[in-house]
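Two complexes come next, and they have one chain in common, chain A, joined by chain B in the first and chain C in the second.
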Partner chain A sequence: MSLFGTNTGFGSAGTGVFGTATTDSHNPMKDVEVTSPPDDSISCLAFSPPTMPGNFLVGGSWANDVRCWEVQDNGQTVPKAQQMHTGPVLDVCWSDDGSKVFTASCDKTAKMWDLNSNQTIQIAQHEGPIKTIHWIKAPNYSCIMTGSWDKTLKFWDTRSPNPMMSLQMPERCYCADVVYPMAVVATAERGLIVYQLENQPSEFRRIDSPLKHQHRCVAIFKDKQSKPTGFALGSIEGRVAIHYINPPNPAKDNFTFKCHRSNGTNTATPQDIYAVNAISFHPVHGTLATVGSDGRFSFWDKDARTKLKTSEQLDQPITACCFNNNGNIFAYASSYDWSKGHEYYNPQKKNYIFLRNAAEELKPRNKK
Partner chain B sequence: MGRKKKKQMKPWCWYCNRDFDDEKILIQHQKAKHFKCHICHKKLYTGPGLAIHCMQVHKETIDGVPNAIPGRTDIELEIYGMEGIPEKDMEERRRVLEQKTQENQKKRQNQDDSDEDDEDEEAGPSFQQPASTVPPQPAYAPMTQPGMAPVPAPGMPHGSYSGMPPMMPGVPPMMPGMPPVMPGMHPGMMPMSGMMPPTHGMPPMMPGMPPGIPPPMGHHPGLPHMAQALPTTTRPAMPATTVSTPQPSVSKPLFPSAGQVQQAGSGVAVSASAPPSAAPKPTFPAYNQSSTAAAANPSSTVAKPGTPVTSKPATLTTTSATSKLIHPDEDISLEELRAQLPRYQCKSPSAGQAHISSPPVAAMGGVLPPQQGIPAQQPGVRHPMQGPYGAPPQAVPGYVPGGMPPYGQAPPMVPPYQAAPPRPAIGMRPPVMSPGGRY
Partner chain C sequence: MAECDAEWELCKENIQPLRQGRTISALHQALCQQQEGNHTALNQQKQAFESELRMYDGDDPLDVWVRYIKWTKQTFPQGGKESNLSVLLERAVMLFTADKRYHNDVRYIELWIEFTEGCSDPMDVFRYMQAQGIGTMQAALYIAWSEEHEKRGNLKVADRVFQDGVKCGAEPVDKLHAFHRALQARVCRQMMSSVTDPQRDEDDDEEEPQRSSLAELKAKGKKKAVVPINRANASAGYARGLQFKQPLGPKHNTRPVIFDENKVPETVPQEPKFEIWTAPPAARAKENEQKPEKWSNVKLPMKSRSGLSVVVPPPKPSFQPFVEEDDQPPAVTPCKINPAVNSVLSARKPCRLEQTPLKMLQERQLLMQTQTQEDGKSREQSMYCRDLVYSGATEFCFEELRAERYRQKHARPADHSTN
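The block that comes next holds the complex of A and B.
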C-alpha cells in the first residue's frame, strides 16, 4: 500500500526552494507538496486506477498543460511527463486500464494521451469548451463521454472522429460524474440530468435541483453493494445536497448540508458563503471530501450525517481534489478559482498540489 | 387518578419522579434540570438532544441525564414531558401511586379526622389537563415561518408548482404531523444538525425542512421521454420503471439561511419562468464590466426580477445582512467568466484541427523551433531538451511505468522567463499586455 512514511518530514520542507520561509498559510496542514506544480490554476486532478501498480497523479491547469507525476510510497513525487492543449485544460480522466489519460480543454477538443508512447491524439471536437470528460467502460462498449458548454453531451469511440452519440442538454454542462451504469450531469440554470448507460447511454431522468444556486460540482456515491445509488451535488452557495435516485423515503433520505462558510456563530458580521469547488468520495469508506473557495477542505460522513473534519484555512481557494484508488491518499490543489473576480488574480502566486494521508481521517463515524 | 385514559395521571417527571400540576411546568422542569448543558447552560429539549449538543459544540460526551435518579439516567431515551415514557415505567408509576393512595386510605380509616385529606385527594386528579400539545407548538412555530418562505420560491421550471398552492398544501407536508409527533421530529433534527456546525439557533430550522420536504424530484409526468428511455430490460442499478410515489404539492426543497428567504424566492421564481435561452445572451457582459462588478458589493441590485440584464438575480440575492456570497455577480460559472479573458483565449482556431498540428504559438517550445526541435506533443520522443528554454513542457522522456528519469533534467517546471526574448505567446503566462498575437 502506499502509505506515506512521514507527514512531518515532507510537509513544510517540501521542495525546499519556495515558500516556507514566509508564512505557512499556504500549507497550514503541513501536507506533502507535489513538486513542479503547474504555473496557473489547477482545474482538475485524477489518480490512476487500481489496474496499474503504483500511484500516478495527473492534473490539468489553466496554463493549458496537463502534467503527470508518480507518487511514491515514501511520499516523494516525481514529475513524469506533460502535454499541452491550446487552451486551458478543464478536466482529465484515466482509462480503466491506466494506459491512457484523457484531457478536455477550452480549445474545444479532447485528447487521448498514450502514456507509454507519450503521444497524444485528438479524439473529440465540440463547438464550445469541453468542461467534463469521463471514461465509460460497459460490458458491451467503451467510450469517452464529453460534456461541453455547447449544451451537448457527446460519446466518442476513440478511433473515430465522429461521435457515437450526441445528446442535447437543456443548458451548458457544468459538471458530471460517471459510475457505470449511471451518469449524472449538472448544467447551468440548475439543471440536473441522470443518464443510464446500459446498452447505450440514454437520458434517464431530469431532476429538480435540490439546491437553489448555481451547480458547481457533482459526485456519485455507491451503496454497500458498490452500485451507484445517488450523488452529492455542490453549489456556489456553500451547500451540498445528498440525493438518492430511488430512495425508500425521499423526504427523509435526501438532505442538504451547509459547508464552506465563515464563522456562523458570530452573527454580528455577515457570514461569508463560499462555493464548493469539488466533491470526492472515498473509494473504500464511502465518506466524502469537499473543497471550497474558502481554502478549506472538509470530510463528511453522509450516513451518520456528521462532519468528520475541517482543515485549517489555506491562503488560496482549493480548486480540485481526488482520492487515489485505495483511498490512502487525498490530493487537493490550492490555486485561485476566480471567486473574487479578476482583481484578485495574481499570476505570480504559486499554485500547489498537496497530498495527505487519508487512511484514518475518513473512517465513518459509528452511528449512534 | 388514571380513570379513563392511560396517561391520565398527574404529570410526573420520569427522570426524578417528581409530580407536577401541569405538563407545561413539567417540561420547564425537565429543560432546566435534566436537559440543561452543564457547560454552556443551554436548555435542550430532550436527553438525546443534550447529548448531541455536548458532542458537537463542546466535543464532550455525557453518560447520563443530569439530576436523574439512579435507573432513570438513560440518555438515549427520548422523553419529552410525559411522552416517550416507557410503558412499563408508566405502569410501575401507577402501581406506586395506587399503593400510596391505598396506604393513605388505610391511614385515614385509622384516623379520625381524615376528611380534609379526602377532599384534597379528590381534588387532585381533576386538575389534569391534557395540554400536552400546547407547549410544543409555540416551540415550533418559529420554524414554520421561514419554512414557508421558500415554498413560494420554487424556481421550478415546470410551472406546475408555480408557488401558488404552496403555502397551504405546502405546510402540512413540510411538518409532517409535527405537533402530535414532536419527539419524532427530534431524531430527525438532531442528526442533521451535525452538518450545520455553526449555530445553535439554526439547527432547529434547517433540519426541520428536509424531512418534511418531499422534493418532487423528477416525478414529472410531463416528460414522457423519460419513460421511453427505459428499455424493458431490468436494470438493477436504476430500477426506474414506475418511479416512486407521486409527490404531493410541495415544491421547493430548500431551506434558506435566515437571510435569503424572500428575495431569493422572487428572483429565482421569475427567472426560472423565463426561457432559459434568454439568459446566456445578456449575461456575458464585456470583460471590464464583470471585473468591476465582481469586487463591487453585490448588495446593490438585489432583486431585479425578470430582467435578465447582466446578472441573474440568483447570485445577488444572498447578500443580506447575515450572509454574503463570495462569487462574482454574474450567474455564469467561474470557469466561463475566466475563459472570457483574452489571455485564456485559445491559441489556434482549433475547430476541426485534428491532431496536434503544432500551432505556432502552442507551447513554449514553439518559440525556438529549431533548437528545441519540436513544438508540443508531437515527438514525445526522448529529447534531450537542453535548449535555453530549459526542459520545459515537452513531453519528456517517455512514460514508462516503473521508475524513470525524472522529468527532464532540467530545471524547474517553471520555465524561466529569461530565455528567449521574443516570446509572442507562451501559453503559460502570456503577458497580458501583448494583444493580438495570441489569437
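The block that comes next holds the complex of A and C.
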C-alpha cells in the first residue's frame, strides 16, 4: 500500500489497532474502515457523480492532501491517487461528468485535478483561504464557485485565470451548497444569502438567520420534483434549522431542532451542547444525516419531523460526511475538529473514514 | 497620493477628534483607502489583529487590545459601526475587570475613560471603577471624573473628586495638582463674570419690558387648568454653571458668594461613597435595542394549502415613484424562482440569552463566587472553546483558529518543537 507515500504509518502509530474485532471506541458502529486514511483531520468528503460507473470517494485533509479511493461493491476500499496543496485542504467537489475533482485550500488557491492524467492545475486565486468549492452546471454555462474568508464569492471558468464574476459578501464565507439553480452561502456573524444561478449568478435574497449561533454547515434539499426548495443550516450549538425558500406557511413550515446534545432527559446535570459539523441529504429518500463534535451521527426525517437513528459515540468528533450517488453508502470521517482549541489536538491520534450501508436506515418514517 | 493631500479638508466634519491628535499620514491612508474601496488591506490587517488576540500567549494581553484599538481609531476616522470601536472598547474593558495587575495600569484606565465617553451615564461607570479599585491610584481617573462633573455644573463635587484623588495618593501627583488648580481658576473666573452679569440683567429688565416669545396657553376645562410653562429664562442661572440657591431676581447689592472649599455644600447630588457595585451599569444607550414585535393582531386571510403562494400586491401609486440612481445595480435579476410571497410577518422571538455586558459580567462573577449551579440560568454547557471563538470584535470559526495556528507554525522556519 505504498501508493500514498511513505508517511502513512500503517498500524504503527495511533491508538486503534487496524482491523480489530473487539469493540473499540474508535469504531463503535463496526462500519467499514477506509484503508490508508489521511494523516491529519479530514475536512471534507465527496463521492463521485452518477455519470461515472462505480463509487469513488475523495477526501481532503489538514495534512494538505487530497486522496481518492475506489469503493468496490464488496465494501473494499482501494486507494487510487493523491494530490497535494501547499496548505490544508478545506473543500472538495466533483465535476458533473466525474472526470475532474476540484479542491480548495488554505493556501488561497483552488485546483482542478484531472483523474485520468493525475495532473492538477490551479484554477482559482483568492486573497484569503478558500473555504468552499462547488461545481455549477447550468444549461448555458459551467463554472466553479469558490467562497473564501476574504468575503468574496467568485465564479471561475477553469480556462481563465480571472474570475468570470466576483460577488462581495458581508462577511467571511463559512459554508455553502449548490443545487442548480440555487446556491446558499452562510457567512460569519450569522449571515445567510441565497443566490440564483440562472443565466448568471446573482444574489437572490438575504435571509435573517433562523439560528442564534455561529453558522457551521449548510445543505440544500429538494422537493418531490427534484427542484431545490430549501436548506438545512447547522450551528455551532447543537441545532439545525430547516428553512424553505417560499413556503406556503413560513411560521409552520420552517422549524429548528436540537441535535448533538448529551444528557437529554437527565435534568440534574447541565446539557452538553456540541457543534454540528456537517449535514448531508440522502439523494433518494430526502432524509438527512448530521454529524457533530460529540462523535455521533444522526439520521432525521424532516417531513415527519422525527429522528430516525443516532449512532454510538465515537472517541473523536465526526468532521465530515456524504452519501454516494444512489444513497447506498454513507461515509463519515472521525478526526479532531478543533472545537476545543489546540490544547486538545493530538497529532498522534489516528484519523478514520467509515463507510456504512445507508439503504435501509434512511428510509423516511411515513412512506407517502 | 497628490489628491489625498487635502482630502481631510473635504470631510473634516466626519473625522472624529482624538485627544492625542491624529498622525497626518495615517489619516491620509485611511481616507484614501476608504475612497478607493480598498477593503483587502484593511480586512487583512483586521484579521491579523483578531488572530493575534486569540493566539497571544505572552504576559501582557492588554497590549494587543491597546494596539488593536489604536489602529482602529486611526483607520476609521469617522468612527461608526464598521470600525467596531465601541465593541472592542467594551470587550477590552470587561475582559480585565477581574485582573488586579491591570487595575492601575495607565493604558487600561485610558480604555475605561474612552469607554465612558460612549456611555449613557458616565457617572455610574466612574463609581463602579472606584468601587472595584480600578484606577484609584491613577490621576487620569480623577481628572476625567471631575471633568464630567464640571460639564454638568457640579463644580463643588468636581473639586471634591480632586481632593479624593490627592487623599488616595494618585499618581502622578503633579498632574493632579495642576488640573486641580486649573479647575479652581476656572471656578474663580466664572464667579467673577457672574458678579457682573446679574446687574446687567437687572438693567435690561427695568429698561425694556420682556417680550413674551410664545403665546400663553388657553385655560381648558371648568377649573381653568393651565399647563405650567417652563421657559428658557428660568434656567439661565443653571446654564452659567453655578448652583445659587437664591434666584437671580432683582436683588440689590448681593454679595458675591466666595467659594469656600471647607464649607459643607448644601445641595449634594447623590454621591454614595463606596457603594458595592456588583456589575457595571449597561454600557450605553445602544440603538436598536428594542426587539421587533408584532404590529397588530390582524392576520391576513390565507389560502388553503393548495401549494399556491398568497400574493397581496400593494395598490399601485398614482404617481411615478422617484427612483434614485444607485451605484450598484439591483441585486435581483430576472429569475424563475417566484420572489413575490407576502406572507404575514411573524413576530421574531426575543433572544433567550441576552448577552449584554452587564449580564456577562454578572454571570461570570456568579460563577466565580459560587461554583455550583443551583438554579443556573444556563442549564446548558457549550462544548467548544467559546473564549477563542468570540474573543475579539468578530467571531472566528474552528477552522480559522486552526488555520491561524498552522500559518504561524509554518511562518517560523526554525521552531517546530510544539505541535
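Heads up, the rule we're going with is that the second predicted complex is superposed on the first by the 344 of 368 C-alpha atoms of A that agree within 3 Å, B and C clash if a C-alpha of one lies under 4 Å from a C-alpha of the other, contacts with A are read in each partner's own complex, and residues count from 1 in each chain.
As a convention for this text, a residue touches a chain if its C-beta (ideal position, glycine included) is under 8 Å from a C-beta of that chain, and two chains touch if they have at least 3 such contacts.
No experiment lies behind these values; they were computed from the predicted model shown.
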Clash-or-fit label for the pair chain B, chain C on chain A: clash
First, second, both or neither for A:Lys340, with chain B first and chain C second: both
Partner chain(s) touched by A:Asp150 [first = chain B, second = chain C, both, neither]: second
Contacts of A:Glu361 with chain B and chain C, given as first, second, both or neither: neither
Which superposed partner A:Pro53 touches (first chain B, second chain C, both, neither): first
Touched partner set for A:Cys68, first chain B, second chain C, both or neither: first
First, second, both or neither for A:Asp96, with chain B first and chain C second: neither
Partner chain(s) touched by A:Gln214 [first = chain B, second = chain C, both, neither]: both
Touch count on chain A, higher of chain B and chain C: B
Single chain C stretch clashing with chain B - from 9-17, 45-53 or 297-305: 45-53
Set of chain A residues, in rising order, touched by both chain B and chain C: 43, 62, 87-88, 90, 106, 129, 131, 149, 171-172, 174, 181-182, 188-189, 196, 198-199, 202-205, 208, 212, 214, 216, 236-237, 245-246, 250-251, 261, 267, 270-275, 293-294, 337-342, 347
Footprint of chain A on chain B - complex, ascending: 76, 150, 153, 155-158, 173, 176, 188, 191-192, 194-200, 202, 206-207, 210-218, 220, 223, 225-226, 229-231, 233, 235-240, 243-244, 247, 252-257, 259-260, 264, 268, 272, 276, 279-280, 290-291, 293-295, 314-315, 318-328, 331-339, 341, 344-348, 350-356, 359, 361-363, 376-377, 380-381, 393-402, 404, 406-407, 412-415, 427-429
Interface residues, chain A side, partner chain B - complex: 36-40, 43, 52-54, 56, 62-65, 67-68, 70, 78-84, 86-88, 90, 106-109, 115-122, 125, 129, 131, 149, 161, 170-172, 174, 181-182, 188-190, 194, 196, 198-199, 202-208, 210-214, 216, 227-229, 236-237, 241, 243, 245-246, 250-252, 254-259, 261, 263-265, 267, 270-275, 293-294, 300, 304-307, 310, 337-344, 347, 368
Sites on chain C touched by chain A in the complex: 39-40, 43-44, 47, 302-303, 305, 307-310, 331-339, 341, 343-344, 346, 348, 351, 353, 373, 376, 378-385, 388-389, 394-395, 397-403, 405-407, 419
Complex contact set, residues of chain A against chain C: 43, 62, 87-88, 90, 106, 127-129, 131, 149-151, 171-172, 174, 181-182, 188-189, 196, 198-200, 202-205, 208, 212, 214, 216, 236-237, 245-246, 248-251, 261, 267, 270-275, 293-294, 337-342, 345, 347
